[in-house]
Amino acid sequence: MLKTPVIVLNVKTYAEATGNNALEIAQIMDNISNETGVSMAISVQATDITKCAEKVSIPVWAEHIDPIKPGSHTGWTLPEAIKNAGAIGTLINHSEHRLILADVDTCITLTKELGLDHIVCSNNVSTSKAIAAFSPNFVAVEPPELIGGDISVTTADPDIISNSVKAVKIVDKNVKVLCGAGVKNGKDVAMAIELGSDGVLLASGVVKAKEKVSVIRDLASGL
Amino acid sequence: MLKTPVIVLNVKTYAEATGNNALEIAQIMDNISNETGVSMAISVQATDITKCAEKVSIPVWAEHIDPIKPGSHTGWTLPEAIKNAGAIGTLINHSEHRLILADVDTCITLTKELGLDHIVCSNNVSTSKAIAAFSPNFVAVEPPELIGGDISVTTADPDIISNSVKAVKIVDKNVKVLCGAGVKNGKDVAMAIELGSDGVLLASGVVKAKEKVSVIRDLASGL
Amino acid sequence: MLKTPVIVLNVKTYAEATGNNALEIAQIMDNISNETGVSMAISVQATDITKCAEKVSIPVWAEHIDPIKPGSHTGWTLPEAIKNAGAIGTLINHSEHRLILADVDTCITLTKELGLDHIVCSNNVSTSKAIAAFSPNFVAVEPPELIGGDISVTTADPDIISNSVKAVKIVDKNVKVLCGAGVKNGKDVAMAIELGSDGVLLASGVVKAKEKVSVIRDLASGL
Amino acid sequence: MLKTPVIVLNVKTYAEATGNNALEIAQIMDNISNETGVSMAISVQATDITKCAEKVSIPVWAEHIDPIKPGSHTGWTLPEAIKNAGAIGTLINHSEHRLILADVDTCITLTKELGLDHIVCSNNVSTSKAIAAFSPNFVAVEPPELIGGDISVTTADPDIISNSVKAVKIVDKNVKVLCGAGVKNGKDVAMAIELGSDGVLLASGVVKAKEKVSVIRDLASGL
């Protein structure tokens, strides 16, 4: 499982993070993680997993898996395939790629069977609590209206983080909680930890930044 | 565009065609294609595109794209990403991964903009005709009830092929038609061509076969 | 089939058109249709079909059907059920309720088998043409970006209407075409007819209007 | 809220339970409920809610709602509309109509705001527990593989019921649990209660039965 506290970057399908661009970001994170000792991971498009996993030592993750076993499922994302490609974990139920309740359960079960680490995304306190019932490794709370925005959830709605942490721990105290949406700098990261989370999940704050090195360094300084 | 007549293999998410297994099949096809001069292509999981595209000279395809442009679409399959990974074409609307009508249109438009070859799958004569209205490179007719089965569509329902060819050509005579579902051997391939199609799209007939070399050689003998 | 030219009102799930509010609008249309001789129809929520069909003589339609036959499909909209409730037709593939391509085909086939009239919605010229391949009774062209807006498609993008009419008639000259999105008044209706369509499909222009009687009278004046 | 123990019949979209057929079944249940004092409810297709609610005194429910508020949502099932039509409750997330996790949350919240009773369906112990985190009125556990079958869940997999009851009560002791799938007779009902549930949710056992009166009487005898 990811060493916590942790900074997880989800590069989505941004042009700035497709192909060699994904690798470049992974290498910057790898360098800064090595240098600072801060735990980091990067989730990339399925097409870019091998390319990144071969070149960096930080954990490379998938952005999504489908609730399927090997078989005739043309074009869906097979958990075995992302593991085989070099991913050691995967996001599940990201707010841009939501799953049916029973499929969240199936995906968590499949990752456990395959020894894949996993972060299950929630949109509020009650879904965080519901997800905790499946005892995943991580829940990441991300209010959809703040994703990709300029204001960090730690400023806009700190209660959603602290209340999610409380709700999750009541159901299963071993489940770790990440804080997402609008995270941009070291101050946001520090605040996320203060609110009881085990780290952050972020995307545009790094991917769309011109000075990626300094942004990642700044994020790391928050831990 | 694919040279026709053509044999297109869709490896789906079979364990027998994940990771190095996909590469192995691609290499067998590559050898037999070189040797016989028969046009072949292979569509593989997104995770395996680069691995295959780097090692074989036959066209490597994706199994699916989503109707998206670069941006915040966590875990969906970006057309630019599969191109960047080395794919030169993609299946669209496979019967195991159907799209809403407007998204079929969008996916075809996106592949044309990116210069990606594409095969759009249909399930009967009327959807073949509807798809032809979008002027794609290829329509592949596959009655869902015959997919993965033991009887080739060319035997079970030859009219669906010949009538699809007619219906498609009425709408746009430049659209080529492939024949899918249950195709297993050279006789099926020969029959598909006789029925007016430009080749075959198949999956389990090769992927689940023990003797892949002889099966592919036999398929090639049908052309 | 609907007598053309026709004004079809889709009341959606607006509060102003739920329950007795739907009936009230249906009755206004019924009166004005009787009075003016203008052909009109109203599509209402499944819950309100019987209530309206029992009280008005204009055709009452459903807003949607699912591609199912009687059986175990909890909560989906059965074509037989809307017919049984009193609907004589249904919208299919509305831009707010899109269907996968094969299901558009199935829904059209089911309505034909049951003798239900039907309007299949498209979002642009190429999907209009594709839908025509299924030989439905009506195609309604509605650019999604104009739906619910203040500018009629007849002003904002008249070519999409005239080109859809042309594209549809090339594939099947018996398919009629309706014009949707932003239609608000008699001038828009007149323009829609001038562009070659057989009538209009509208929603908010009537449902959200304070003076529904005068708005509907004005729409009718365009024919 | 439904008086417990309760027998809830979901008529799905069976031909035997569409239109007047639904009303007939509702009336049989109404009579037997009056006669025996056993609490019963029936969930019917949206088109049939008013017809049934006007004629029977047992609670009439909807089979499904969509996670929407009044507005432009053509053809989706508005919670306000089913209430307006006479429903006093609704199934949510039936195994034949599953919802994404965040939408389960939204639907439960909407029913609470509107004062609608609700039963949220789960497929196993862990999803039962997850649903309990939303504090719904009822969870109904139904292993999908047993739905519509000949063997009652109380015989085939009694542990799934007793373990769901335990898991649900740990998260929220006020949530009641129903037992579904394969329930056919009074013995199954009695067993369901013995396993700790507050009643049963069933469908084909009644709807497909020739002798509906005797089947419902037998079910009632189990309480």
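Brief remarks follow.
In this document, chain identifiers A, B, C and D correspond to the written order of the chains, with residue numbering beginning at 1 in each.
Rule of thumb we're sticking to: a contact is a pair of C-beta atoms (placed from the backbone, for glycine too) under 8 Å apart; a residue touches a chain by one contact, two chains touch by 3 or more.
These figures come from a predicted structure and were not determined experimentally.
Distance from chain B peaks, on a Cα-centroid basis, for D. Put simply, chain A has to spin 180° for its C-alpha atoms to lie on chain B, with the angle rounded to a multiple of 5.
As for how the two copies chain A and chain D face one another, over half of their interface residue numbers coincide. Between the Cα centres of chain C and chain D there is a gap of 34 Å. Remark: chain A and chain D have CA centroids separated by 37 Å (rounded to whole angstrom). Chain A and chain C have Cα centroids lying 44 Å from one another. Multi-chain contact residues, meaning those touching two or more other chains, occur in chain A at positions 95. Across the assembly, chains come into contact as A-B, A-D, B-C, C-D.
In the complex of the two chains, the chain D residues touching chain C come out as 10, 12-15, 18-19, 45-51, 62-64, 68, 70-78, 80-82, 84-85, 91, 94-97, 147-148, 203-204. Taken in their complex, chain C has these residues touching chain B: 93, 95, 98-105, 122-124, 126-127, 129-134, 167, 171.
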